[in-house]
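Worksheet for the structure shown next.
Order as written gives the chain letters A, B, C, D, E, F, G and H; numbering starts at 1 within each chain.
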Amino acid sequence: MVAAVIGVIRSRNLFVVVMLGGIYSFLMATVMVALDAVDVAMTEAAVGAGMSTVLLLAVLGLVKTREAPLRHSPFIPLLVCFLTGAALIYGTLSLPPFGRQDTPTNQHVAPYYIKNSVKETGSPNIVTAVLASYRGYDTLGETTVIFTGGIGVLILLSTSRRRRLKQSSDEDSST
Amino acid sequence: MEFLQEQLPALQVVLPLVAASLCALFRFGYLSWLITLSSSILSFLVAVFLLLRVLEQGIISYEIGGWSPPFGIEYRVDLINAFVLLIVSGVSAVIVPYTQKSISARFDSTEQSWFYCMYLLVLTGLLGVTITGDAFNIFVFLEISSLASYAMIAMGRDRRGLTAAYQYLIMGTIGATFIVIGIGLLWAMTGTLNLYDLAGRLPEIKNTRPVLAALAFLTVGVSLKLALFPLHLWLPNAYAYGPSVASAFLAGTATKVAIYLLLRFFFTIFGGATFFTETPLPEILKILALLAMFAASIVAIFQSNIKRMLAYSSVAQIGFIVLGISYATETSLTGAMTHMFNHAIMKAGLFLLLGAIMFRLGSVKIEALSGIGRKMPLTMAGFVILGLSLIGAPGTAGFISKWYLGLGALEQGEWWILVLIVSASLLTMIYIGRVVEVAYFREPTDEVVQLKEAPSEMLWPAYLLIAAAIYFGFDTSFSADLARQAAVLLVNAVY
Amino acid sequence: MFSVGLIAVLVSLVLAMVRAIMGPSMFDRVLAANSTATLAVLSLSLLGFVTGRPDFLDIAILYTLLNLVGTIAVLKYFHPGES
Amino acid sequence: MLYFISSVVVFFMFWLVLSGHYTLMLLAIGAVASILVVGLATRMAVIDREGHPIYLLYRAVWYWPWLFWEIVKSGISVSKIILSPTLPISPTLINLKATQKSVVGVVVYANSITLTPGTVSVEVEDNEITVHAITTLGAMDLEEGKMDRMVTKFEGGIGT
Amino acid sequence: MSLILASINYWVTIILMIGGLYIVVAHGNMVKKLVGLSIFQTSVYLLFLSPGKILGGTAPIISEKFEVYSNPLPHVLILTAIVVGVATIALGMALVVRINEAYGTIEDDEVHEMEQD
Amino acid sequence: MAIFIDILSWASIIIGGVFCIIGMIGLMRLPDLFTRLHGSSVTDTLGAGFLIFGMALQSGLSLTTAKLIIIFGLILLTSPVATHALAQAALHAGIKPKLTVDKTGGHIAGED
Amino acid sequence: MSTIMIPLIGTFFILLLNRFSNFRETVTLITSILLFAAVYKIFICVMDGDRSELLIFSITTGLKFSFHVEPLGALFALVASFLWIVNSIYSIGYMRGNNEPRQTQFYAAFAIALSATMGIAFSANLFTLFVFYEVLTLSTYPLVAHRADPNARIGGRIYLIYLIGASIVFFIPALLWTLILAGNLDFKMGGIISDVASPGTTGILLALFVFGIGKAALMPLHRWLPSAMVAPTPVSALLHAVAVVKAGVFTILKVVIYVIGSDHLLKTGASEWLIYLASFSLIAASVIALTKDNIKARLAYSTVSQLSYIILAAAIATPLALMGAAMHIVTHAFGKITLFFVAGAIHTSAHKTRVSELNGIGLSMPFTMLAFFIGALSIIGLPPLVGVWSKLYIALGSMEGDNSWVIAVLIISSLLNVAYLMPIVIKAFFASAPKTETTNPISEAPWLCVVPLSLTALICLILFFLPGYFESYLTDFLGPK
Amino acid sequence: MIRDTIILRVVIKLLLPAILLFALYVQFHGDYGPGGGFQAGVAAAAAIILYGLVFGVSAARKIVPQKFLFSLIPIGVLVFSGTGIVSWFFGANYLDYSPFGSDSKSGQHLGILIVELGVFITVFSTMLAIFYSFAGRSEILSLDGDTDK
């Protein structure tokens, strides 16, 4: 997976980037299954590998697929990444040990869901129960996010061509 | 009626959400405007009733889906977010009548409805973030408002609106992801996502590394959304090249909600005096705030596009607010929240007026505006009044908030900060003065000569805000006094 | 027992990945991606058996379908000029 | 109309296999889903003789085992080639005539070629298939037409 | 096996994050930036999922055969995060297409130059 | 009886694994694109076949086996299609396979 | 106490009328007369001890928006309103004479400026005063930049930056500090921070106030006054000689008496430094005035130096000195406005602006130059004119406060006054007019200008004979402690 | 890039209904195994997209017309938020499904089903609408002939 990311950084042909993206997101799905996150794996596989690959490719159909060579010095980006990385390392170092049940993470809210979800919602898949009922509001928000994104794309792309041609003339020239 | 009273918190967000969906469903321009208008006004009324109930009964807790926190998602309304809800829904309710004229002129029926849909979704997102008591829910609704605002900005007349929206998307998403990382670290340490349950569990693990890292990530994330000084690069283009209605709405509300988030995290959750003030964060914020106040104001002075100038001015005013936050005392927080309130009114009004000028003249370049003072007297008069309020001239709302900020600084004995506050206002005077001078003391160009005054339906909403800017300069029972009560809650980390 | 098969599949996966990254032409990469997909489906199934939850094959099915969609999308939008 | 019913049945079976839980509600949903899907498919002009070759099913019983065997044989031979240090490959391109009458038949033939390791059908046009084989020997075997006859037989000659 | 998995997870999260962020910040191509952005987001998923995993626990779907289940909460959150991520990337892509039509290029620097005049 | 099935499934899984690896080695060693296609088809058919067969044996006559069969069916359906589409696309993109013998005389099906 | 509201309402009423009618001059006149009558009524009440207060509303604990009446404020309002009448007459003549553009805007701004001046005169606490102080600046800005040509704009810009800048950078901090020290901002006899502030703090606070009130044009901060001369003469006359600058020094007096407290100053000696600065500013301004060839510039610097007289007296802070300061506000007002009217008249009829061009003008414009002579005498402080009393009281006051060396300063500056005023008079009457003028003789200024300037000159004369009247009025509230 | 070879067409015609059915299976088995509105929505959209890829976007638009699709996007959200409003009618808090059935468990179960359906509608229509916009645009451009394809 890390190899795929390095491949993405290095390669300039956007198609390669998309291919590697597809492989990357699939490997992520496998890791998720290993972490018992089955629903998430399915979503990542469906959305990550399926949809974003198709969308990226549809875009590449419209856009030049060669990336211009790097122009300015990579110093600032490296600095930014270094700082963020350091902060993350600092933060994650003393997180509770991996895989243990008795950590606060898995002791506080999760047991309730595991115990009562079937009783209260009749759905053996606790994730679906939490997703739709306990934290149903999050999912409503999430559906609204897709709705927003969808309409946003439609605003940009499916508007009449008249607007598209007018768009290219710069605002200032047409006072 | 009693049942409806209980359901107010949910109603506050569901109303604009359903309205947005209806707009997208019918896709008929005028109808969408009516839906937007009615739902904005209704959500403002809901905010008012909520505030009254909070004043009466204290903190309201509402369990969504009937599950008690921390298992379900909880809406918790106290004075702080009731105050912000009022600002957001108020500004939005005022702006909607204004939009009809300029939007119907530029877009066809479907695009109009989509614009209103985006407008309502930004409103839904912002209200959702302000009212929710659940950490992850904040992220979800933040993304709703952000995505909708990216789309709205991209609908600007100028092609540069597209790149501005793109930059805003990139930086906004990085910000949101930082926030999620912060929330994740906190969840990993406590197991809960409910803000107030979290606040209860934080003291024991206060200075463990993940909690400190979470604080850092959250601050950086929210600062990105807030456009706090070094992270403000996306704001000027976004406000300048987006439609004026969008700039007015976002300037009036989006940054305010980000500030609310800072307040909520620093004081209510991270325990204000017990934790936040011990970290080096207040010092850093103070420096950044001062930098914002000066650098942004100076840059604003040299702008030729007035909308960009006002955008930089927003960055500077945010610096003022963050300065108030960095002191973490009752008075300075009152000043910060009052300025949040006043700045929302002022900046929304200014952008509306600029929108009117854009609508008539087609440009907001400073040279193009020479001698416009006579041709669009009401618009420019409004601009002067709001400009004065921005400077903080007495008799306007701006003065009150700057007064409290100054007082806050002096109480800490840091009189040199007072001088900085004051000289920053001086810088504000210079760039406002530039516009006033061009507008009034220059011969009108030929385009300006045959200009007519802005249409009335664009003017009266702006004048509503102008009246508010003056009214709250004198009677502060709703702005400063409310802010003070909220500040008391914040300083003692009451939840 | 299944872990042996899993290891074998993972090894082949690595080999496929190498081709995917190195592959001179675009088509080599598409081929490598296809092989990765098939191997991935197999590893998912094996993983299901290793962890004793064989009823997770739905993910494998979904992934096979999507891989086909992806491959055809790549081939449809690929510009030969800049391989 | 015949295809409509047969497809619904086939897909309902498919649903049953997929779903582990046979509660009343799920079965009902399954039925509705199958009808819905087939309805949409007919709208897409996907359900027709070519799209739903149910008639091939009973002949598949003997064709598929044969094909598996062919695949195993050629698979082993290709594996030997890959494993041998000298990599004795002799890539060959040949054109083949496909004697199948229906389009589905040709597709089955082409796929069978691709499926068996060592040979890949590179281009298909009406009845002519261009095949790339890893060894000339493999190409020769194919040219004999053994597989072509088997597929035509499998197709059962009722092709339209 | 578990110990390696533990440290790997966090290290992979950090590497992915730095990689993703680097692509977004360093590269000028707008499409590349979006891909970098999605990788950056994916690193967050691991941050949430790893603490939730309980060794010996199985996927959070109740069945008689098991009692110990991994924590379902992060799964819900990450499911939402993935979907939000795709919506953002899709919108970003739409913007890139429109920028390409308006400016003829999707390189940051070239667009910047064209905006100056 | 049970042991016999275990041994059989053990065997087929190992064979499957081996074939997968062979296929991938083919992918690595074979010189040009078209020859590598054959390598990948080894993995897709034999490798997958034996592995799935091994797994099916383990889960006996159950729904899981049915799903395994579905997966194998899918692989058998999608893999050749993808390989064919790939080969065809490569050909049209002008990638000439390295041939020792060319009986087509440069004439590809469909081009007159 | 409704009388307080009449002038303000009256002013706003003018604002509305001006917009629409074209006989706006007459309306301005009527309103100014009405205003004067109302203020006069208040003045009488104040005479017999009325000190009532009117609270409009309070914003928060420290900030109240309220008015009250006290002798100093009443006096200042009286002078300002009276001179407004005179100035209105004069500006009608001047405006007609030079057909200035956009006159409606001119009168409207004028009216607002006056209402602000009233506000300042009657405000009961520093905050209300500050609000009206700012309104005054903003309303006078369009007047300064009235001509809308480039240098009018630059003049306007400097005017605004100096005044608003000084008030923002120094005045607001002073306000805040006072609020923190004293808990409120109300004016109270004997000062509100006398018991709370140490000598050091008082000194700094005083400095903040003095520099904060840019309108007093104390030396380092005086630059805006000469550059504001770009404005038409009636503007410079009323605002710069009477309303604006007087508001500045009036505020300083109020601060000294009602905020810091004159006894407190004396006790702590915190205003020692101000005496030296005021004296320096006094003399330096007079010297610069000497060098200025342009009449209006010279008068401007003369104003700067006269204002320093008042600041000086305030710094001395003895009762007599304060009385002198109050009187000087009145005397300088009448004297300087006459001089400015004359300058305006010369500009209207003879289109001359420089001192060197004035040879023999006295012959062709006898009345105007006579008034100039009387005005000049009053400024210098020679006996028949009222100017002498105020300077006398300041001198007595300085003796009271044992810094008698100030008298020497007063004498030197009076001499300097003579040096820059008398040459004009001599040149006008005794030098022979240059040849060119015989061809197109200069006629006297229009009567609309001559009458007001003669009137103000006459008042300088009359007031000379009523010092006792002044004294009794001021003593009962200043009164030797 | 792909010429419309018959192999692709036949196999796709065979697979399409299967994918759609699988999508519906995933949708309704969210309770018992991995799956739910999001995954099903994407799977169903992928099916139509596959059809679009092979048979052309205009053909896909005949199957699922654009106008209808644009209305579907908000309908999904309305279904979801509507369910919450229905809870109000039952006098419960927003999105509380307990009163939907005879006992709270069956109520919740039904609620979850409806809500997941809402998600499916929005996800399916949005993903497809996005594909139409992107793919449709490349075809418009290719019709204009101003791209290099």
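The rule is short, and it goes like this: contacts are C-beta pairs under 8 Å (C-beta built on N, C-alpha and C of every residue); 3 or more make two chains touch, one makes a residue touch a chain.
Because the structure is a prediction, the values reported are computed rather than measured.
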Set of chains adjacent to subunit B and to subunit C: A, E, H
Between C-H and B-G, the pair joined by more C-beta contacts: B-G
From subunit F, the most remote chain by mean C-alpha position: G
Chain separated most widely from subunit B, comparing mean CA positions: D
Whole-Å gap separating subunit D and subunit H, where each centre is the average of the chain's CA atoms: 29
Distance between chain centroids, defined by C-alpha means - subunit E, subunit G (Å): 71
Inter-chain centre distance, subunit C versus subunit D - centres from mean C-alpha coordinates, in Å: 21
Rounded Å distance, subunit B centre to subunit F centre (Cα mean): 59
Residue numbers of subunit A (touch at least two other chains): 18, 34, 36, 38-39, 41-43, 46-47, 50-51, 54-55, 58-62, 88, 92, 95-96, 103, 105-106, 109-110, 113, 124-125, 127, 131, 133, 135-142, 144-154, 156-157, 167-168
Subunit F, residues touching no fewer than two other chains: 23, 25, 37, 63, 67, 70, 77-79, 81, 83-85, 88-89, 92-93
Set of subunit G residues in contact with two or more other chains: none
Subunit A residues within the subunit H interface of the complex: 38-39, 41-43, 46-47, 50-51, 54-55, 58-59, 61-62, 119-125, 127-129, 131-133, 136-137, 139-140, 143-144, 146-147, 149-151, 153-154, 156-158, 161
Subunit C to subunit F touching residues, read off their complex: 1-2, 4-5, 7-9, 11-12, 15-16, 18-19, 25, 27-28, 30-32, 34-35, 38-39, 41-42, 45-46, 49, 54-55, 57-58, 60-61, 64-65, 67-68, 71-72, 75, 78, 80, 83
Contact footprint of subunit B on subunit H as seen in their complex: 70-71, 73-75, 77-78, 81, 84-85, 87-88, 91-98
Footprint of subunit C on subunit E - complex, ascending: 58-59, 61, 65
Sites on subunit H touched by subunit C in the complex: 1-2, 8, 15, 19, 22, 25-26, 29, 33-35, 39, 43, 46, 49-50, 53-54, 138, 148-149
